[in-house]
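Before any comments, here is the structure.
Note that the chains take the letters A, B, C and D in the order they are written out, and that residue 1 is the start of every chain.
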Amino acid sequence: MNTNLVLVLLLAPFLGFLFNVFLGKKAGKNIVGIVGTLSVAISFAVTLYLFASAGQEPVVLNLFDWISVQRFDISFGFLIDQLSILWLLFVTGIGSLIHLYSISYMHDDEKMHSFFAYLNLFIFFMITLVIGSNLLMMFIGWEGVGLCSYLLIGFWYKNQDFNDAAKKAFIMNRIGDLGFLIGIFIVGTLFNTLDFTTLKTTITTATDINDFWIAAAALALFIGACGKSAQIPLYTWLPDAMAGPTPVSALIHAATMVTAGIFMLTRLNFLFDMAPSVQNIIAIVGACTALVAATIALVQNDIKKVLAYSTVSQLGLMFLALGLGAYEIAVFHVITHAFFKACLFLGSGSVIHGLHGEQDMRRMGGLKKAMPITFITMLIAALAISGIFPLAGFWSKDEILMTAFHKNPTLWVIGSIASIMTAFYMFRLIYLTFFNSFRGTEEQKNHLHESPSLITLPLIILAILSFFGGIISLPGHSWLNEYLSPLFSKASHEAHSLGSTEYMLMAIATIGAIIGIGIAYKKYLKDNTIPTEDAEITGLTKVLYNKYYVDEAYDVIFVKPINVLSNYFRDSVETTLSALVFGLGKVTTRFALEGKKVHNGSVGLYLFAFVIGIIAILTYLFLQQFFT
Amino acid sequence: MNTLIAISGLGVLCLLFEIFNFRKAIVPVTIIGLLAILGLTYAEFNAPASFYNNMIVVSKFSAVFSALFIVLTVFLIALSHDFYEDHQTKISDFIAIKIFMLAGAVAMVSFGNLAMFFLGIEVLSISLYILAASNRLNVKSNEAGMKYFLMGSFASGIILFGICFIYGAMGSFDVAEITEWSRSAELPIWFPIGITLVTIGMLFKIAAVPFHFWAPDVYEGSPTLTTTTMSTLVKVVAIATLYKLLTAMNADLSDTYINIIIVISIASMTVGNIMALKQNNVKRMLAFSGISHAGFMLMTLLNISNSAGNLLYYTTAYSLSGIAAFAVILYVCKNKNNEDIANFNGLGKNNPLMAAVLTASLLSMAGIPIFAGFFAKMFLFTQTIEAGYLIVVIAAVINSIISVGYYFKLILAMYNKEANEEATKTPFVLYAVAIVSILLNIVLGLFPSVVLDLLG
Amino acid sequence: MDNILNQIGIENYIFLSVILFCIGVFGVLYRRNAIVVFMSIEIMLNAVNLLFAAFSTYHQDAQGQVFVFFSMAVAAAEVAVGLAILVSIFRNMHTIDVGNLKNLKG
Amino acid sequence: MDVTTLLIILLVGTFATYFSGDKWAPKVALLVGITAFASAICLLNQYNLGNEISYTKLWIAKPKIYLAFQADGLALAMLLLTTALTPIIIFSSFGNTYKNSKAFYALIVFMSFAMSGTFLASDGLLYYIFWELALIPIYFIALIWGNGDAEERKKAVVKFFIYTLAGSLFMLIAFIYLQTKAGSFLISDLTQLKLSSTEQFWIFLAFFLAYAIKIPLIPFHTWQAKVYQKAPTVGTMLLSGIMLKMGLYSVIRWQLPIAPLAAKEYMYVFIGLGIAGVIYGSIVALRQKDLKKLLAYSSLAHVGLIAAGAYTLTLDGLRGAVLQMIAHGFVVVGLFFVAEIIYRRYETRKIAEMGGIRAQTPKFTSMFMLLVLASVALPSTFNFVGEFTVLFSLSQVNIWFAIFGGTTIILGAYYMLKMFQHVMLGETNTKLFADVTFNEGLTLVIIIAVLFFFGLYPKPIMTLITPSLENILTQINRFN
């Protein structure tokens, strides 16, 4: 394959970005939409070509030397292999769909051109992240997507709360990024290279490896992943990120960017395989995140918040898989999740669109007649995420749970509970949104309508994908595993031969899901209970509703102290320091004032001093004479 | 020798001018005369000799310093033209006195015999007493004159006493003989006492702590032009003479001496600078700054055997910037009854050129590159460190930091404050003197070797 | 040659003149009347002159005595100037008290 | 072309500017600046051709002082920075009118002359002279054309002057002492000296005082914020963009090679100091109410990191430091210019009185955003290259340094974004904010272009500076 192709793949979105930035306003909304979407579609086409034509061997393209340090040079280069192609496929694919969707969704916004500009820029950076040939190239993309997410979360910048959310997202990511950087430093120091291919060979062949430093590197990198992929303790930014327009939430905060962490770990699987201790940490963190997020999602009333937390918990499951060393399964779940979560978000977007910006599920209900397509698609996606046979989610989630069961039953338990909850809150969402009678204002009621085809088309496609997505890796013979196998240092653990345990586990999982759905059905369809208003929420629910008060805790533990410290430094330390410097001057002037009193103009005194001087000198002379 | 005679002759001439009523011509003629005499000195520079059985001994040292004195006097005379314009009748007297003072100064640096030294110093001092008190109707001027006179004659007494002891020890006034014997024989205790007393007398003249008390009062009280004379010419003369005296009497100073000088030098710097910080009267401030500079000049005595060049350079740089500064002060404080810093407010706008000159000269005194003052200090520090007195240098550095404080007070007044009245037109002479002297200063900064190599 | 000096001894001359000198100094320090101060200074100078004479005899050398003339002449000139200043002060301030000279200070 | 030509151009330019009168002074100054830049490029070209660019001539015989200039890669890099920023800074001031502008612009040109001299001089005393000379113009610029209450300004400026002078005088002593040892001030001789470790310690300290105040490192930074705030923006740009690089440059050029033993022995102390500066500066910047002060503290943080990098005594550290110097030079000038642009329209520097500007000014917003991103070292900006290299070198010394130093990317993002949010975002401001004029836009575009070009392709600069830095390293390591 030739360089130009890759450059096209990379630069198409960038050109789209430039066009929308400089000409977008003049060109008019339709052109903007078309250009934006096309530029991504081109990349998608190229990706498909690569996918079709690419051989087994990874291809490396080095454009030029970028940064040099004493130990090694870092080249500005790209690496095309199975993993990157796979990621490109759904990044650009879903990307194009969401662009398409946005054309209609953002049509009423006067800053549509900048919206598309940012989206294109995001795709550009995402591609860079995926095809970067070394850690630092990946880091460019890594920070770049962070930037775009900042820009898009704060897209409606007139609302300072949104801006705060954006800032929070960027800074939390930065915390992770520091970890990433440190990881890069350690890796560079240990192996004198940041290049993936070289690293792989070095590490796999290396004989004497300092386990501690490997672990340190792995841990640092994992912190980076936590930042991007919203794992405990750095997950709180993701729910707030829902401030951005819904397509953004779908693209960046569900399907693609947040999976960057998984991508990175998978990329560096050979490194993490060297650090089992860290893998355990990853698994545990993943499991906990899955559970915690799920519990929070149980009681949220903002439709997007529910989805956001479900995203966090799904990401948790993926990390659980990574922690267990089952990278391809994680990847599998990433893909399926991309399908159904994107679908869900876009669906919710369609709903919000239909209700003119209403996001509170307590103000919805009974929409299934008004917006049938949205309803159907979302239902499919919901079933998929709940893990109902034979939808995509079932396969991927099941694989994870099976692996967990084999490696560590407790984690399996946690995972299963999380997925049961998932089933529950997803259907809570479905029931509250689409069933029973409409609870919104009359005015909204009259305008209820199905969204235009530009919105529904992506929904349908994604729904189909989330229905059949599972086939790429069925137990027994998994195309995915074979496709990815060259990546992994350890022989990829073969798909479980379907024994009795496996079937039993599948059964348990399905039953669990059904139970979850059942409860939701009983509570929200039969009894038609509507979640209470914020004011009356009490007890455990209140704690969950307020996300365990984690944000508040962070505020108290980190943000406030820093600001207090800042004030203290500004008002006390600074003034003291400068007072010290001025103080010297003050002291001397003090002396001067005293001195003025001495020079009191009386000749007598002057002469007296004169004589004293003489006497002093003479006596000193004499003493010298005598004592020497 | 010829220099001395010529100068005295010129003095007499000035007096005659008054009689023949050539008042107008007096200043230019004197200046021309002095310049001619400068030529004479150049001749003497190449031909060292001694006259009247060693009463006068002309050496490179004396010749160069006499030249410096003459140059300074030229500036002073030039300034005096419009300074005395409102009492023209006395101008010839004043100029004559200045010339005689110059004669005294020359005698002081080229003495070969303590008698000559004493006469020189007295001629200088007495002329100064007169100049200090010259503004008869002004109480301050009187007071200044009186104070200076009392303390000055007291100091003369001390010097005389010292000379007497030296004579007692050596039985001769001839410097050459004294030097000889001071090297050879077991000396009576009187000799060091004598030297010390004379030194103290000179320290008084250069206003070193603790013999400095007269300086601020006298500087403040005297007419500005006299202050100029004191702070430039007289200080230079005194330190040069002291240097020559000590080199002549006992070339290698004993540690005792060195210690005394170190203490006095550091004390002078510190007291001078600190006291200058809180002065509102510019002349008074410069008096204290002069005291601190005296401290710096004393550092040359620490490495006495080979610091003649540095001394010359330092004094030249210092006096040139002094002349420039005072020229501006004369302009600013003309027909004002005081010399407070307030008078300088807004000079930067009213008269940028003069302001620039004053700034430059102050920067030179503060020792900022490229002005000569910086190199002067630099060379001083170098040779002091070479002589191994790092402490003194550090003290000196700390002092130069303090000194910036008050020099910049003036600069700030000029540029940062609003003027309180309109600019007055500047007489050409002031411009000329100010600019020429500051230019000389800068040139010295760019080519230090010119002066430095005169006394290698 | 046996002159009076040998009988008394040079030291005594020195002591005498030192004492005289100190008297002069103290006079300058403690008297406030300008005239008296002048006189004290004169005492100092004359003490020195005495010593000069003594030394010159001691050394059998005329220079000392010549020097005395110098110093006397100088002293005369000095005092002349001093008195002149004093007169103008008296004109302006109607006092000859040195202690009152305190306009210049600080 | 001779190395002195450039200096002569600038010196003559100073007078040309002054005598061209108030009306023409700005244009003449700009012309001079550009000419200087061109000649700097010529020098660079010659250097790349492999010519020795140096000039040595005995100036004063005793003590031996040479008129010695030498332009190696490092010096050239700094020279280019100076000569590139000078015209930009002059051009940026075209929007304002200054009373007695001929003097104003003459001083600017003179300052750039002095600073170029500092970077070029290879004789200790000559270097010191230029170092001091650079102080005079900025003193007057800040004093006469500064803003805010005259008394306060006076206080701040005088403090700045005396403080920096105090530092450098001790450096002078050190130089003189070295001269008495080596017999000349030439750096080639001074770096030959075999000083005892105690001597080195004291000399190192003397230098350190001068540089720590100039750079400034905590706790010697107290002059900075106030002066930056009070000085006219042009002055602030000169100070932050070029002048504080003089200190850092001198650390690399003079302090480390002359007293390496001390540098090695107390490495941790000085790195620690630098990093403390990073954290302290960032935290103080968080709660600043005045835009210029905030930027001042941000640059305190950045130079802290640079200094830390320089004191690692590794090639990466030095290289990163130099790269970061240049990057920071550009970005900080840009940011101060942004502050100036806002001031021209709103006549305030209080962040509280801004906000809601973005809606009115798409161009300005995006440029400002890009500058902010550069200053928080987003990858693909020049600052990232520098910061990455420095942090990497720190991690070589001790990983904890890298971790604590790395907090700059978090805290930096925090205060910069916070600032951006409160200055630009929010409900549309009632006061009208005209978008950037052509001049302003051009200035910013140039700066941004530089930042991003070298961010993606820093190789030219790296290849330029690396050999000379390797020389310096060999001098540093001559004791072992």
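Definition applied: a residue touches a chain if its C-beta (ideal position, glycine included) is under 8 Å from a C-beta of that chain, and two chains touch if they have at least 3 such contacts.
This one's a predicted model, so the numbers in the text were calculated from it and none came from an experiment.
Chemist: Please identify each chain that touches chain A as well as chain C.
Modeler: B
Chemist: Per the definition at the top, count C-beta pairs in contact and tell me whether B-C or B-D has more.
Modeler: B-C
Chemist: State, to the nearest whole Å, the distance from the C-alpha centre of chain B to the C-alpha centre of chain C.
Modeler: A distance of 27 Å separates the two centres.
Chemist: Rounded to a whole Å, what is the gap between the Cα centroids of chain C and chain D?
Modeler: The computed centroid separation for chain C versus chain D comes out at 67 Å.
Chemist: When the centre of a chain is set as the mean of its C-alpha atoms, what distance in Å lies between chain B and chain D?
Modeler: The answer is 43 Å.
Chemist: What's the distance between the Cα centroids of chain A and chain D, rounded to whole Å?
Modeler: That gives a centre separation of 37 Å.
Chemist: Can you list every residue of chain D that touches 2 or more other chains, as numbers and ranges?
Modeler: 162
Chemist: Quick check on chain A: which residues sit in contact with 2+ other chains?
Modeler: Answer for chain A, listing residues that touch two or more other chains: 585, 596, 599, 601, 603, 607.
Chemist: Mark out which residues of chain C touch at least two other chains, giving numbers and ranges.
Modeler: Only 25, 28, 98, 101, 103-106 qualify.
Chemist: Which two-chain combinations qualify as touching?
Modeler: A-B, A-C, A-D, B-C, B-D
Chemist: Provide the residue numbers of chain B that touch chain C in the complex, in ascending order.
Modeler: Against chain C, the touching part of chain B is residues 115, 118-119, 122, 125-126, 129-130, 133, 136-137, 139-140, 142-147, 149-150, 153-154, 156-157, 160-161, 163-164, 167-168, 171-173, 190, 216-218, 220-221, 279, 284.
Chemist: Name, in rising order, each residue of chain C that touches chain A in their complex.
Modeler: For this pair, the touching residues of chain C are 25, 28-30, 32, 98-99, 101-106.
Chemist: Tell me, which parts of chain C touch chain B in their complex?
Modeler: 14, 21, 24-25, 28, 34, 37, 41, 44-45, 47-48, 51-52, 55-56, 58-59, 61, 63-64, 66-67, 70-71, 74, 77-78, 81-82, 84-86, 88-89, 92-93, 98, 101, 103-106
Chemist: Which bits of chain B are touching chain D when the two form their complex?
Modeler: Counting only chain B, the residues touching chain D are 348, 352, 363, 368-370, 374-375, 378-379, 381-382, 385-386, 390, 393-394, 397, 400-401, 404-405, 408, 412, 415-417, 448-449, 452-453, 456.
Chemist: Tell me, which parts of chain A touch chain B in their complex?
Modeler: The touching residues are 585, 588-589, 591-593, 595-596, 599, 601, 603, 605-607, 609-610, 612-614, 617-618, 620-621, 624-625.
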